[in-house]
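The two complexes that follow have chain A in common; it is paired with chain B in the first and with chain C in the second.
Then we have the complex of A and B:
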């Protein structure tokens, strides 16, 4: 068996960390997108959706430059820690958060917006604060959207390639993810090894997505469904 | 009104596209040809100049694609439509020949590559005087090189570090670029402090004044003999062979020499 488990483990860690951060970060952004009445809201929506259409090379290039010592952000980080964030796990996390942001925020926002307005008004009329209304009414009714967004950002990070190639530096155990490993195997004409790893990733991602879509449709629910 | 305008401009663009593409086919049938050339990343500047001069002289359009030699070899083996392949070593062309993907008779060693250690000009690291010993300097936390799995310059860099007995000491500082150009870019962007790049990158006009370098002694790594082959599945073999002949001319070798390549006869 020529599968490099370290590579899988690392990618799994990256995907878990990124989807967890995006869950926390995505909630307020999605809430704002769903309920704000600001005239220029569409601009923010466009920015959030950018990573879907931008090539990963554009994102990777900007992240690499932003992390380097020629940018204020990079200089600040280097002054703080003594090293650049590029070629580190933390650097990959930052790149992946940007890259997977819309995959979390968009399903979140869609499900928030889909909550019946009467319920939100009723909650407010009964004296609940917006935060209480969010946790007691909006969030519970948006669980399918929250699961979808979290899992999509998780799976999207599992399969990320371009950004990692641009800012990772291919360090075993630190930044060599599954997709990079497969790419290397193919470039080196190790088709058998590439095939094994690719197949494993394919099955894994399929299983994750199938589980989510299945859960959302409640196909295993006992009793009368929808 | 606006919708109508949009529609007609779309139609215009489509018909223009159809016109130009049919026109393009007609021209290529007549004889003014083009060839697709795959070239190792260290040639990325030199080959543009060679190709341009060749186009002006013969009218044959040379389309260039750059990458790590191993990546390009793998693409060729999977049917990439290239006519000529300029590798950064001799092994990949030989591999293509043995698999029946390249013409054995066309193999020619067109240049010898040189490996250098490169830092940005404003770096505190005095690479010009300290050479490879600088790799163990505490300021060096990241050393960029091309991926030795499929890039000849990466293999040369690993060999050089092993030659001076530093490889084990610095192996946890290595960051791998997909090819030697990306390794250079890791250093240019400041994310790695130093890197093993092609001399061709260090002396390219775009890099003038931006860096300092130290040439790795030739005995520290196996010679980077670079070979070119005409590919077996090329549909423009005549034109491909003619371009390989051109690389042997004085005009072409002068360009290669300008970019830091040594030439076979003078190595």
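Then we have the complex of A and C:
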């Protein structure tokens, strides 16, 4: 087999890091979207959902500009570390987080909003702070949504192409992910290798999704309504 | 409760920073709940006129039960939500003794978690992912694990649900769930208890037992309990101070008999579709049972009817309305019925409209009764036939004479 395992390993690392960060970052954003009564909230919701409709190249382009040496963020990073974020694994993580944000935040927010409001009121009258209410009532009752959001952001990162190409380029061992590798092999008319890598990605993604949705179903089976 | 438990309760009181102990200092601190507030009810009910859409009340609830009685949409739940801090009033002041929970003018608005108001919701809102015991211990976060265990064990025992401690809400019966919800609230040692029809779905004996246990608990704690209901029977069963709320305003307060809705003009609107309307005189009152006897003014022999109790004097004129579909008809004297009114009469005429038969029955007054075709055929009804009419007390609707 001519599969480049380094490519796989890198992609997996990226997906795990991104979905883990999104799990942490997505909770407060989703909480705010689910419970804020701010009248302009819909604008934030629209921004969060943008990556779903934008071409990845557009998102990737702006991320690249933002990370580059001409932006304040890029200059600050260079001053801090001595090198630019663009075309590094770190830059790839940032781009992928933005790109997969809605896939984590939307399921989170939907499940938070789906928690019966009376339970939240009951928690408050029993003396619980909003944070305690979140960890003891809202989060446990949202486990299926949390799993769904994390898995979707994981899978979405596994297969992304445009943002990676724009932000990361194609540096073996640093930013070359599976989808880029496949693209490269096809460009080189290396169809057999492309097929093997593509098939492996397909099987792997299906297995992960099937496993998690299978577990999720069990969560539901002991959850509400029974 | 054991003295160790009481010590734990005191510890809990001390742990509540800024709040005043209630039962630790009974007799020193005034535990009375004082509420004066306005809140727009807009958007909660489409049927209400604009003039009715403001909750505007002033109540004082001393220790013991105070019953809030009113139809749905009267503002009862909104009032409780305001007291608990779940809804912010537009104006007013809410205080327990001299501890101010809300004061618009002074810009005081304690969050629900700091108010020490126990609230048992209509749908209970038990945490579905926790056992009964975990539900009960939820409000005791400030205590150590062993103190929590001790307090929850004591309250579960006091409410006779200690055997259910490890069950989840969906694994226990409705009455048991009500007890868990009560226990979860009582264990936090609230300064005021709000009950929003928590017992509405229960049968009378279960309800009575839970209320007895609640009364026993409050013997030791002496806090104001606001009990919301839309059931007249419950107002009488509880038999204590009642406040009648209608369209966001207090209509009356006092003993259940004092505050009963007087027969009112508005009922005429509701009676528009009522086929049988009679003039009547109040014959006697049975305050203890929540009923009274009315004499219908007929052409021939007069008819006595047991009706729900309203605020009226013996001898005063009233009108009684009974829907034709609410009357049962029997061809032999029925026995063993719960309905209080069984009246002998004779069929004058039978008329068919579509699939409904209207029987006109002369029984001192003439009543219209709706029947199905099948009932007419099965009973072989025809004009001249002797029949007995059966009318439940609460099928008799009263309005001003």
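Just so it is clear, the second predicted complex is superposed on the first by the 218 of 226 C-alpha atoms of A that agree within 3 Å, B and C clash if a C-alpha of one lies under 4 Å from a C-alpha of the other, contacts with A are read in each partner's own complex, and residues count from 1 in each chain.
In this section, a residue touches a chain if its C-beta (ideal position, glycine included) is under 8 Å from a C-beta of that chain, and two chains touch if they have at least 3 such contacts.
Since the model is a prediction, treat every value here as computed from it, not as a measurement.
Participant: Put the two structures on top of each other at chain A: do chain B and chain C fit, or clash?
Facilitator: Superposition check on chain A shows chain B and chain C fit without a clash.
Participant: Quick check for you: in the superposed arrangement, does A:141 touch first (chain B), second (chain C), both or neither?
Facilitator: second
Participant: Should A:186 be classified as contacting the first partner (chain B), the second (chain C), both, or neither?
Facilitator: first
Participant: After the superposition on A, what does A:132 contact: first (chain B), second (chain C), both or neither?
Facilitator: Only chain C; A:132 stays clear of chain B.
Participant: Output check: A:121 vs chain B and chain C. Expected answer is one of first, second, both, neither. What do you get?
Facilitator: The second partner, chain C, only.
Participant: State whether A:28 touches chain B only (first), chain C only (second), both chains, or neither.
Facilitator: After superposing on A, A:28 lies clear of both chain B and chain C.
Participant: Quick one: smallest Cα-Cα gap between chain B and chain C in the superposed arrangement, Å?
Facilitator: So the smallest C-alpha to C-alpha spacing between these two chains is 28 Å.
Participant: Quick one: which bits of chain A touch chain C in the complex? Just the residue numbers, please.
Facilitator: Of all residues in chain A, those touching chain C are 116, 118-119, 121-129, 132, 136-137, 140-141, 223-224, 226.
Participant: Which bits of chain B are touching chain A when the two form their complex?
Facilitator: 68, 70-71, 73-74, 77, 141-142, 144, 147, 149-150, 174-178, 186, 189-192
Participant: Where on chain C is chain A touching in the complex?
Facilitator: Checking each residue of chain C against chain A gives 16, 84-86, 111-119, 121, 123, 125-129, 138-139, 141-142, 170, 184-185, 188.
Participant: Of all residues in chain A, which touch chain B in the complex?
Facilitator: My answer: residues 64-65, 67-70, 74, 83-84, 86-87, 165, 167, 169-171, 184, 186-189.
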